[in-house]
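Labels A, B, C, D and E are assigned to the chains in the order they are written; within every chain, residues are numbered from 1.
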């Protein structure tokens, strides 16, 4: 039983790590109806920028600030150079543009900062919480708890920002119909610039946490694969959905790997979350908290 | 008039339909007779479009029954309705945007096409013959609707009015027995409305197609329908020949305002 | 009334519009809207009315359309350098053809998005909302429904109401009457007149319902095939024989029944 | 005014529904075919044939398959590489386990197996739409990759998981030289492309497009939605399957499941978006863009050899590639095929501006 | 006189760029070093051209075709640093008569030179290396007999590469009586929570890490998280570079990995490269701090073996640009003993080796090194593989291949 809880809690906590990446997707999807393929590249780019600035001897907080500034500038540049020209185009075209963007960022980041792999130490050890381990023999990582806390704060802040300000409503309007949003004076360019900057911030947070776990290296872009089922399960438009989806995916895949895996040969974590998400979708085709697809004639 | 108005072709009985708290239709009964032109009128949100959606199975009423060609059922299914000869156009144009006018109208005939997809892949024998036979039929419709010059244009580029015409063409391609038209003349000027009326009358006249029409232009409704049904807030408040309906005080109060 | 002496609010000078680099739609269109006037833009399907309005509101770019010649000025300022949002900021708003509500927002949220540029504060916005509900009681009943699930007419009302929420100085109305029940059409034009007279809002309206449009407009232009073929005071246009026949459906004495239209008709004189 | 259709009158609907109704297009196509079937094998270098044209053709075929599903039937798929894998491993096992199995028959059967698998994963498409549907196909992607690695039977218990193609022959002709391999690929691709064109212009294709553009309306017209979607999945997977078999047998000669990973699926998706969704030509143009451009950039980078550090150069290649994708989309969001169409339209009007 | 062309199908972008830039950097530096110091090999200047493969098989094949004909005599030999590409060009290379050198990876049964005359998995193949890991563990436990009853977990990458050593480990488990637990990590391996919870549950004595890319660092991190001692983890050489442990940070201290070319900048040859190449400003590494790192040294070893093969071949064919076929002879007659290693300044960096028609592996030896938190420290001398176990398996596999492909193996007694 103790092992079960360990797996369950561990799973829930790693799920939160997936959510951190998924939130970045949600933001951009909410604001433009576009699936941002470049989110992984942004995570890499942010982390790479941060460690490289740090390596130049800049103090931690200043480096964080500088990186944030870089991400905001990146968001502005993306809006200006790419998105602005693609208003009102089919989502698939915008999707493709983000693919181009991801190639560009991957090349740019590594051209700028090099290909070597960096370690990143945030000062929080990835070790079990002592008293839990001693008293209950439960191995729960401090780092995971920290990550969960960070994700919680991020989600709350974003949810407040988007639900309490008129920007939130404007975002949903933009995602529904670019042209109509333009027609009533929603400045699409500002909205997009803001959202991409915030997505850059989220990428930075995800990049720091994942980077300190995996090291800052190209493989950071691959964490996206873990975020996709989360996104689908939670619903593309919902920030809380990203969290709940993450918890379900995290717990589900770990339990499955440990308890089902041995019977079919193990290593099922790659496809299991997708099958899980698929099962959910058959019941709710728009994910847990996603918007209903309106189809009328 | 070409064909005399016949027996009841479609009968809806005591239909109720609601969405969450919104009652779109409440206890509606009405019948449609073969070869007639029946108009449904009523204020916005009265449930007119919903009625059409119930008839051809897009909406499933919570209560009531539908009798079509003598067969009674609780609800219709869209493809079944199509197979039984019910075709329609939509209030918000529902053309296939990525396809040309010709292809859109050709899809109207898909139901009648038989060749297997393998023979289509080879484009050999029956597939080719069938394609050409149906194309001939579609060209007749194109001629009838006077849209020859735009045959190959993608429908997304067409002005609104022409799109409505193409949609009518697609419905006609199925050679329906019953045609449901949802505001076919919205957004048209008088001249274009005249054209549309002519098409509707001709179809009714030559092929004896039964027509159920939703329209807000009272001039059109009163001129071309045999019978008018009035809905208000999901209830039926009037049913009869145009002249009777036009002077019905309840209808005037709810919808017409002044007599037209 | 002397509207013709008012200064120009909007002037469109000889514009040409091309879609997708190849499709030439407007072939030199010019007209003016005086401050405080209602101008009707009439014409058959595909004449270019919508294109003209979008050229003004700068929504054309989003459709890969481009004004390749001529100029558009609003209060003497060139419009082509402005974004649609800036134009809305200057009081020009367009109600797009074909409703274009935000389907996943409720009716009320749709209306509130219209107030995005309105800096007047919450109370003022609430007041405006009440005003719109007073114009369209039907919307008040349906305010909690997702716009995507409302009827065609309800969506049209939402779209118009949404534009009013921006407190515009000039409204570009594209086919406002489409899909609306007759008494609502009258009401909408009543609102137009009301706003025009009381708040001096100017209107440029593209409308197929010529009869109603000419009843309320001061001045009208008729567009055919991307060109202005006729213009004049509304009353004068309404009296024109051709307009009577082709746009009002009146032939000689009174209205001709839709049942009796001939299969072969006389072609428009100016097209011959 | 070289390119125009004036004066070309069609006297039958058959002529009008031909694949290329305009004469100049037909001539151009015949020229391309002549070059492809005769000039290339005679004169092109082995490098061009063996490592540029063959993979280009095979990926075009896969892109065509995906285009049928995504471009024509509107069903987004991120699992096309998995279906290629199914095709490759199915062909391998047919050749291995059925004595005397003819190569082309093995390819066909491999395609059919892939089609079957595709249909299974296509079932959820009735309920799940858009980007959400991508999940079903991602499940296919990861599950198939996993299964092929997991169960040794598929690779005949090869210790490295890599399968390698047997000696190939078609109608008694050995397929060994790059030229022969090229001609085999070309023939398969041309035949399947013509078949695709035929399906698309017939009722099947119209049903797909109708479902894509508005499935509620399609249903009202009487198009059976599920059957249409499943057929799209089947045909698409068939094409991908055959492409996978060609990839394993004719191009590489060996293959492992990882060759058909998610990256490959994305690559194929990029091809159809860049090339143009819902156009056959787009599949080829897109494949050319995605396959050839990086190679071209790499060759060009080679000229700078020594001047710039090779690491920087590789990264710049990537950046340029990404930037070009974005640039093309900004110029024409509907893809290269649309760009081509517009160019033709301009040419038709030329020398008059409009 | 003349130029000897060595193609460089490198990968400097993508998930594995860190390895690619290090190895090809060291490789290219060594070639330049020979050119600068000796004016080439026997007066023949070494030239190269890079081609970006992105570690993709199809791009690799394209690079092969693009580069195979360059230089006056064509490509001398190909080093792809990718098993997948090596497989894909196997038959082409035999046809084109160009040797494929795969140091430490590639097709294991190609060690049997009778069936695979054109392929050279030099130094060690995967199976040999796997046996040395068990030998190493035995050493640590104080004798192979102490392995009895021990539990060894094999944590492997969820790919064919990862699974490849399972049969060998199973054979050894039987032979030595230890319990083998196979645990798969789904690719790419950035999440290993459940695997390590299982390990915590099962409490193995040792964990063999058959990692690749990001999986290795993630494994070390996860081990720390569940408190599994890092000095009981033995990685494959692909999991034994700085780039594999640095990302794990401090917790990687104590982790052990195999190496056919250990890390360290103190080998005379590396020092010499620094002096000759870098001081002349001709270094290939963007970051010269990485000179002497594991990946870099692997590249230097590639350079040494490639150059030695050419040198040997020149003794037979003369000091002129050689064809691939001639270089192949050199590869098959490599004899690098301690004396030669000393001359090369590579004692301890490269194991002594001798290739032959029968044996294309040549050595089969690896060393083990341990991460001390900042550097890799060699902790063993060269450990030989269990040839008696591996060789028959190789021959069986090669024979099966020969049968499938209809190849008649060479008769090595007739070769000179």
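Quick notes on this one:
Keep in mind that, in the parts below, a contact is a pair of C-beta atoms (placed from the backbone, for glycine too) under 8 Å apart; a residue touches a chain by one contact, two chains touch by 3 or more.
As the structure is a prediction and not an experimental result, all values here were calculated from the model.
Contact with chain C and chain D alike is made by A, B. Each step here moves to a touching chain, and the least such steps from chain D to chain E number 1.
Any chain bridging chain A and chain B, meaning touching each of them, is among C, D; the list is complete. Put simply, the chain farthest from chain C by mean CA position is E. Note on chain placement: the centre of chain B and the centre of chain D lie 41 Å apart, centres being C-alpha means. Centre-to-centre, using mean CA coordinates, chain A is 32 Å away from chain D. Averaged Cα coordinates give chain B a centre that lies 73 Å from the centre of chain E.
Here the CA centre of chain B is 29 Å from the CA centre of chain C. Residue positions of chain E with contacts to 2 or more other chains are 12-13, 17, 21, 158, 186-187, 286. Taken residue by residue, chain A touches two or more other chains at 106-107, 110, 114-115, 225, 265, 267-268, 270, 296-297, whereas all remaining positions touch fewer. Shared interface positions of chain D, i.e. residues touching 2 or more other chains, are given as 146, 214, 216-217, 220, 311-312, 315, 317-318.
Chain C contributes residues 19, 23, 42-47, 97-99, 138, 142, 145, 149-154, 156-157, 175, 178-186, 208-211, 246-249, 255, 257-259, 261, 263, 265 to its touches with chain B in the complex. Interface residues of chain E facing chain D in the complex, by the touch rule stated above, are 10, 12-13, 17, 21, 49-52, 57-59, 61-62, 64-66, 69, 83-84, 87-88, 90-92, 107-109, 158-161, 163-164, 167, 186-187, 284, 286, 397, 404-406.
The residues of chain A lying in touch with chain C in their complex are 87-88, 166, 169-170, 172-173, 175-190, 291-292, 294, 296. Contact residues on chain D toward chain C in their complex (touch as defined above): 342, 345-346, 349, 354. Interface residues of chain B, counted against chain D in their complex, comprise 56, 58, 78-79, 81-83, 87-88, 90, 94-99, 103, 106-111, 113, 115, 117, 120-123, 127-128, 131-132, 135-136, 139, 170, 174.
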